[in-house]
Every structure is written in structure tokens, then in C-alpha cells.
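I've put the structures underneath this note.
Across the two complexes that follow, chain A remains constant while its partner is chain B and subsequently chain C.
For the complex of A and B:
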């Protein structure tokens, strides 16, 4: 409950929800501002005046949802981090949530992070689609997160997970966590696809170290027997050879 | 039995780009059938370069529009990791007076089409590529906007964008036969039967085999091309270096590795994706003479892929006259990666019966029977 722990109840949230018809048409602002306080930057931030002017600075902001196009320019302006943009039409399976983020380091585009709900609990993996952090935004970045559709009204913050430290592919510096993510979240099932997405097996070792380990992860996570996997072709040369040597220019010292 | 509006055979860059372009134009009931994994054919094996420097107006325009699309593709397809785009130019080397004459003609054409390409003396070429051995070099042409992108990521980006729009992609699904009854085509695979009024043949080096299944004779022959990659090193080489004289190309990828390949004029026309040691020796000999400091680089891997060669080294993009609803996008003859963004768009327009954004009549299959070949002077 807001007055007790600062966490809005489902009823509080319902009252702030844009109309369903508007949500169905694409990105739109959601103003999760609950308290009457003397604050109004949002009303000045919107280039389309979608957040309506206040008669009294203590008013709770009101929105003309027809005017809002979901650009998100208001998000970084709100000192209460109360403004979000939600796009339920982002794709078949995913919704997009644009949210304010004031931690460093900023996540990278494409990175998978933990989506947190309003109580700060991890609820799902989320993919960083875009990081907007211009000089003008004064250190409040706006992060675009792709989340499973049913999480669009849940995810309001994110946590950057520390990069895994178990290196599986030494040639190309790929970690166990990255491989697990490909298998569990992206639904990748074959060595060939992992090779092409992460370069595992394309380095000097030609996959001799990493591919058996990756095959074991596929077995652990999906139950596919390593013998029934299609193994990438081992390609010549068996050990790296200098072009100069191949061209007939003497011996390769490092391998002599 | 799966029923669709359109079935695309081939999950290379061409098939995936067509699928996305159809879906983006509203035709979302599309299935892509790929016998192995996406980009397992020529796409995932290619040199990955793109260039504006062509010798015919058609190809210059096609490349120009396609490259403009590649430049913003990651945003258009919402592919956050990017497609490893590098635009550091192509340097095309001239060794004979005939080449000089032809290249200068090409330049005049390119410049008339608003392409920023120029003539360089051997000294100027050496400024751009300090590791170049200029012995015997008469000059070079250079276009700074040429470059390359990661073909697997480009294909993956198209496939993911298409899937988000509702396209179904079936990997490990091999087309075994096609039956045509009236306007309906029934496609038999190792994983069930698919039906659609429209089938697109984007099967690369296997396009002729797919054509035969519906009785359409496609003059497309597979031709092996070999290629190798070295260990990654610090940036040494900005542009892609091409020499038609030596039949070779060589570039350094953003990852740091060098990728280089040779065209062998005597390569038999048969389906062959095996590597040969002769290639390693030939390639090494030529490149060490042309870019001597590369002699200390280690080769980590070699592989081979096939060009889908057509008689005039130009693609076939059309609806087969004898089988309405059977479309062909194949015969790319070694440059299908770079033009794929336009192939995707033009084929989608053809299939939807919309006016095409560039003329495509010259790519019609019937040009061969009419003897109107589209000869491109500028190919490796």
C-alpha cells in the first residue's frame, strides 16, 4: 500500500491505466503519479501538451491520451520517476516498456536484463532495445525494454545482471551464461546456430574445446543427446598456419 | 497439412528478406522452408562485401538502393546488436590498359548516378592501403561507401523481424517435391505437407532442382568458390581489396580477422562445398605478393560455398511464365548478399502485384530465350 511501503495496489494501478482502446493502438504514456505534491515539470515537457496544464501546482497530472504519441520525451523530466510509456503492439509476443533509469553502468542495447516489478522483484527476463541518454536528459536515461506481453503492466524497473564468469569458448570469450541464454530464452537448439551467433568454434581451436561443452549444455537444458546433434564441420587447416608458410616461404617458427 | 498464402523455399538472406518484405506490406501468412539452418547455404559462407562499383546502370542502381537499406537495416528491423556494418570502401585494382579503360568507363557511369567513386593513382592507393604492393599496378578505383556486413546477422535480423510479424520459419525442413493442381501448389517435405497458391524459389545453388519439380527449366548452375579466414589482429586494412586480374578479394572484418577468396575460372559447374588444399596454397601465394605483411598471419579455417551462376551472371527475378504463382529469386552469381534488401523488396512487390520500385523486366527468365543477356563487365 502506498502510504505504508510505497508500492501501489492493483486498484491504484487500474486508476492510472490508459484506456484499453488507446493501448491497443500503440505506445502511450502511463503516469504513475499518486500523490498531490507541488510538482509540474511533466506538463511542460510534453511537446504535444498531452499532459494537461495544471491550475494548481499540487494537482495530480491528467493526460489527454488522444494527444499522446508515446514518444517518451516526458520520462526523463519527472523527478519522481513516475512516467512510463507502454507499447502493447510492439510485436506478437512482446510489449515495449520505456522507463527511466538512473544507475550506472547503463545496460547495453541487446543485453538481457532482469525485469523488476513495482516492488523490485524479478519477474521476467527483459531485452534492452534502446538506451537513450543525451546530455539534455541530465543523467536520467530512458531504457526501452522488450518484455513478454503479459508483463507490460508489471515491469517498471530493471536489474543488470553481472556478466557470467564461466568462459566456455576461450577463443572468442563466450560465457556459459551467454550460451544458456541462447538456449533457454532465444530457443536456439543446434551447435551450428550457436556457432554463427557467438562465433564459438570459429576461433583457432576450431571448436575442439567449446563445442563438446556446448553440446553438454544443450543436453542438460533440452535433453538432446550429443550424438543426435549435427556437428559443425571441422575445417582445414588442423592447426593455424602462416600465409607466408603456405606461400612457400620457409617454416613457421612458433609451430616448429 | 499447413495452408499458407505464400511458401518461400530457402532460408538464406534472399528468402528471409522476401518473407520480411511481404509481411511488412501486410501479407503475413507466409512460411519459409529451409532444409538445414538459416544462412546455411551461400549466405553463411559468403565474402559479405557490398559495393556500388558496378559496370551496368542496372547493377549500380540496385546496389545503391540496397546499400542505403543496409545502412539503416538494424534500425528498420529493430536488431539491437547491429549487423557489423563496416564502410571503409572497396579498392579495385587495375593492372592492364584494358582494365584502366573499362574502369574509367565504369566510373563515369557510377558518377552519373550520384555514386561517389573515384580514380586513384598507385601512390594514392598506397595511402589508403599502406600494406599494398603496388608493383605493376596502373591505378585503382575506390568508393568509400562500399563495405561489408555480417551475413548471418543480416539474415537473422530479417528472420526475427519476419517472425514478429507472423511469418512461420521451418528449419530442418527439406522440400522433396512440388505438385501443381490448378493454382494450388502442394509442397512435400520431410516434415509434412504445405500448400499455397504462391511458391517462391529462393533455393540458391539448388534453385534449378526446385525449378525442375514444377517443370520450370532454370539455367542456374552451382559453382564452388573457396574462402579462408585468419586469426584476428589489430586493424591493418580499411577497404576490401579486389583484383579481377588475380581473381581475388581480401578484407579485414570488424572482428579483426582477414577473409579472402579466389575465383577459379576452371572450376567445374557442379555442387561441391568441399575445401581443397590447392586453394590454400594458391590464395596464400597471391595474397602474400599483393599484401606482403600478411605473410605472418595464421589461417585458422577455410571453407567453400557455391555461387548460383546464371548464364549472364545476373539474377533471375520473375514469375515463371509457364507456372503462374511460381516465383524465382535465384541466380545471384556471387553478389546476392549485397542486393538482398532490394531483392526482398522487389520480389514482394512482384508477388503482391504492386508496381516495382526499380525496373525488374531485365531480370526476367525469358531474357535467355530472347538472347538479351545482361552482361556485367565487373565481376570476380
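For the complex of A and C:
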């Protein structure tokens, strides 16, 4: 219960739910503000005046759901971080939740993060569809999360998964989690792609350390046969050389 | 020792939101103001508030506290009738209405015709075994450390107190990269606005109401804390202890108005728990029982910044008016500020403040 542990009850949430017919028509705001407090910025934030004006600033905000188009502009204005937008029509399997986020680092678009419920428990993986963080929003970013449809009314926060401590590429500082993400989520299948996306193989070791490790992950996760996996092109120099040496054709140390 | 005394029209002691607004309002009415603050920056508590403020949009709500401080400080600094002294501590209020001021090792005396005391409030602490171990701080002190100086006090913290300050500082410690092991609150309900509680909760911080700290432990510094549950009468229940491995404990158990100067001035005080302890009796214009001495902001009763700003403005307005300034606009301006202040306090969360004020406001 909110006053006892900070978690709204299912009844609290029911009372804040937009009408089902409106939810069925696309993105719409959900105002999770449950207490009469002296606060009114939300009522000034909506360009369509969907959050209704208050006579007294202690009123609980009310919404005209017909006026709301789910744009999400109001989200970053609320000091209580109590405004969300839910879109149940986002795709066949997924719903979209737009939520306020004030932590660094911001997640990247495309990244898979943990979706947290109102009790702070991880309930599902969530894919970052968009990160909106303009100057005007003054450091309250709005994150668009794609979540399984049945989680649309559950996910209200996110956790960026730690980057992990198993390093695959020491030159470019790339971890196992990042490689796994590229393969499992982004659908990357070749060493060449990983080299271009993460620079693995382009550092001082020229791929001696990382490429075999990455290849092993591709075999493991995709079932690729070792001899069917193309190795990136080896270009000279095969070990790092000073540019001066290459350009001058001799040793610049000798001249110094 | 010969002491040099300067004269002034209005002295404002304290440059937090209350003092800043008092100085601005009085200066705009035409009075000349000396504003004194012991810190190097004006803004008081606001300079460490990185969260967006509640309140009414027309009163800077949704802006972050430190931005409000910056804006008010700019207005004060650019007003020709306000003379600002930072690093200036008022150390005494003498019988003849003289203020003793220490500024960077130098002492001077000021005799103002009117004084507005806006010194804010001090953090309270709590008695429990080992409460002197390094690693135990006031929540406000930690907020200064983290948000003003960019220093983390530790890695994992227990917050004691779930009022707005405890919950907001917990959120800011999460933002700064600390882990918050728990927030405990002795009362059966959370004192903070529920939206604040909800946002730390969904970030994974457990909030235990009807719980308090039993003891801290550690050899040379905090290594952990034991919390336990309280029964309906507020008595601890043996056997409910939980051990939390933390290296930092933050106490956010309330504030007490800083009224020493007002007591020295001879203002009549009353003990009003709803306002945080001893506060000066005053009239609707914030004038105390000593004519010409005003109080505003947390020093008048612990409340919040929007109320502090409006109280400051009312005090500044009346002090200037009583010196003959701003006669024309006085009534209209006063009515406008009072209306906003009443709107702010009129809701259910303002009930306690209203109760407190009914004991502190008198007819002079």
C-alpha cells in the first residue's frame, strides 16, 4: 500500500487506468498521482489541455482521455515522475511504455534492459525503442520501452544491465555481454560485422586476442561450423608500426 | 574596544529562499536592504536541490531547486538597492537592536531599522548505540557532499526517516551511484509525498514503515546497521532485527528552526511541534513580538521552499511599508501573496502546518 511501502495496490492502479476503448485506440497518458498535494505543473504541460485545469492546486489531476494523443510531452514536467504513456497497439506481441528516467548512463536505442515493476522487481526484458532527452526537458529523459503486451501495466522503470566484467577485447574494451547482445538481440552473425560495430580486431593486437574468443561465441550461440565462419581480411601492417616509419621509409628514431 | 556601528534600513539575515524573497520584495518597494549569509553562495538549502519542485507552475514548480536559487540570486545581485554580504555570519543580536557580524575574520556591527531573520533550520539527530561512528551523517549534510561537492560518502546506505527529505535524498544517492539498502521510518506511514516514495520504490529501494535503527556497528567506521520493527505503541519488537551491511547511515529525522538570534532579540517563543519545535510568535505579517523584528521561512516553522519564499516576501513587504515605502501597492500585493500562500497550505498535506500556525500566529 502506498502510504506503508510506496507500492500502489492493484485497486489504486485500476482507478488510474484510461478507459479500455481508449487504450484500444493507441497511445494514451496514465497519471499515477494518488494523493492530494499542492502541485499543478502537469495541468500546464499538455499542448492539447488533456490534463484538466485545477481550481485548487491540491486537487488530484484529472484527464480528458479523448484529448490526449499519447505524445508524452507532459512526462518530463512532473516533479513526481508520475506520468506515463501506454500504447497497447504498438505491435502484435508488444506494447510500448513511455516513462521518465533520470539516471546516467542513459540506455541506448536498441539496447535490451530489465523492465522493473512498481515494487522495483525485474519482470521482463524490455527493448529501448527511443530515448528522448532534449535541452528543454532539463535532464528528465523519456524512454520508450517495448515490452511484452501483458507487461504494459506492470513495467514502470528500467534497469540498465551492468556491462559485465568478462572482457573479450582488451584493446577496445568490449565485454562478453556486449558480444552476446550483438549476436542474440541484434542478429549479428559474422566477425566482420562485429569488427565494424565494436572495432574488435582494429586495436594494437590486431585481433589476435579477441577474434578467436568472438568466433567461439558465434559457434556457441548460432551453431555455426568453424570452417564456414569467414575471418576478417588481414591488412598490412600485421603488427602496429609508427606512421612516420611507414611514411619515411626508414627509422625516425635514428634521425632524432 | 571601540566598535564601529553601521546603520541600515532593513537587514535580512539568511539568504535562502525566504531571505532572498524578503530582500527582493523590500527593495522593489523602494527600501535599501543589507542581505547577510554565512555561506559563500546565496540560495540556502536550494543550492543542493537537484530535483524538480512541487507547487504551482506560477511559482517555479517543476524547476529544479538549484535553478530557482540561481534565478533569485541573479535578481538580488542585479538590484541596486540590495547590498549582499556572503561569508558573513551574524553571531549576535544585542539589546540595542545591533547585529554583530563576522565576515572573513573581520567583525562589524549593524544597526538596522528593521531585521528579517530567515536563518532556516538545523537537522536533528537520533540517539542509538555507536551513533558516533564515522559514516553516520545527517541527510542534508550528505546531500551537500554529493550534490554540491561531488563526493560520495560510501557505497551502500541506510536511510533513517521517510519524510520528503529522506526519500528525496535517497533518490539522489541512487542517481549518484550509491546503493540504498533500505529506508526505515518509525511512523506507521510514509511522510513523504507518495509520488516520491513510489519513484524510489520502483527503483528497487525497500521502505520499512514502523521500523527504526537499533544500532550501528563497526570497528573504526560503520560496517553495518541493525534495524527492528516497532509495535503500535512505538516500542521495538525483539526478534524482528534485520542486519544490513552498509557503510553509510543517513539520518533524516526532522529539522528544528534556528531561532537563537530571535531569542537574543527578546522575541516571545512558543513550542509548536507541528512547526518543528520552538518558534517565535508573530502576526500575519511575520512581525514578532519585538517591533521591527520579523521572521520568515524555516526559522518561522519548518515547511518548504515555496512557503518560505512567500513568507519572505510578506515580511519584506511589510518591513518596507512600515518604513514608509511602497504605500500605494501594499494592499494589493499583500493580498496576492497571501492568497498564494493559503492555496499552498489549504490541502490535506498542509493540515499539520495549519494546526501549527494557529498556535504561532497571534494578534499583536
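In this text, the second predicted complex is superposed on the first by the 132 of 256 C-alpha atoms of A that agree within 3 Å, B and C clash if a C-alpha of one lies under 4 Å from a C-alpha of the other, contacts with A are read in each partner's own complex, and residues count from 1 in each chain.
Following the convention adopted for this analysis, a contact is a pair of C-beta atoms (placed from the backbone, for glycine too) under 8 Å apart; a residue touches a chain by one contact, two chains touch by 3 or more.
The model shown is predicted, which means the values in this text are computed figures rather than measured ones.
Engineer: Quick check for you: in the superposed arrangement, does A:241 touch first (chain B), second (chain C), both or neither?
Structural biologist: The first partner, chain B, only.
Engineer: So in the superposed three-chain picture, is A:8 touching just chain B, just chain C, both, or none of them (first/second/both/neither)?
Structural biologist: In the superposed model, A:8 contacts chain C only, not chain B.
Engineer: Between chain B (first) and chain C (second), which does A:92 come into contact with in this model arrangement: first, second, both, or neither?
Structural biologist: first
Engineer: Quick one: is A:198 in contact with chain B, with chain C, with both, or with neither? Answer first, second, both or neither.
Structural biologist: So A:198 meets neither chain B nor chain C here.
Engineer: Going by the contact rule set out at the top, does A:117 touch chain B (first), chain C (second), both, or neither?
Structural biologist: second
Engineer: Between chain B and chain C, whom does A:109 touch in the aligned arrangement: first, second, both, or neither?
Structural biologist: first
Engineer: Under the contact rule defined above, give the chain A residues that sit at the interface with chain B and also at the interface with chain C.
Structural biologist: none
Engineer: Along chain A, where are the residues that touch chain C in the complex?
Structural biologist: Residues 2-8, 32-41, 43-45, 56-58, 77-82, 102-104, 116-121, 138, 140, 156-157, 159 of chain A touch chain C in their complex.
Engineer: Which of the residues in chain A come into contact with chain B in the complex?
Structural biologist: Chain A reaches chain B through residues 91-94, 109-110, 127-130, 190, 192-193, 196-197, 199, 202-204, 206, 233, 235-237, 240-249, 252.
Engineer: How about chain C: which of its residues touch chain A in the complex?
Structural biologist: Of all residues in chain C, those touching chain A are 51-57, 61-62, 64, 174-175, 188-190, 193-209, 306, 343-350.
Engineer: How about chain B: which of its residues touch chain A in the complex?
Structural biologist: Interface residues on chain B, with respect to chain A: 36-40, 44, 78, 80-81, 152, 156, 163-166, 229-231, 255, 275, 277, 280-281, 283-285, 287-289, 294-303.
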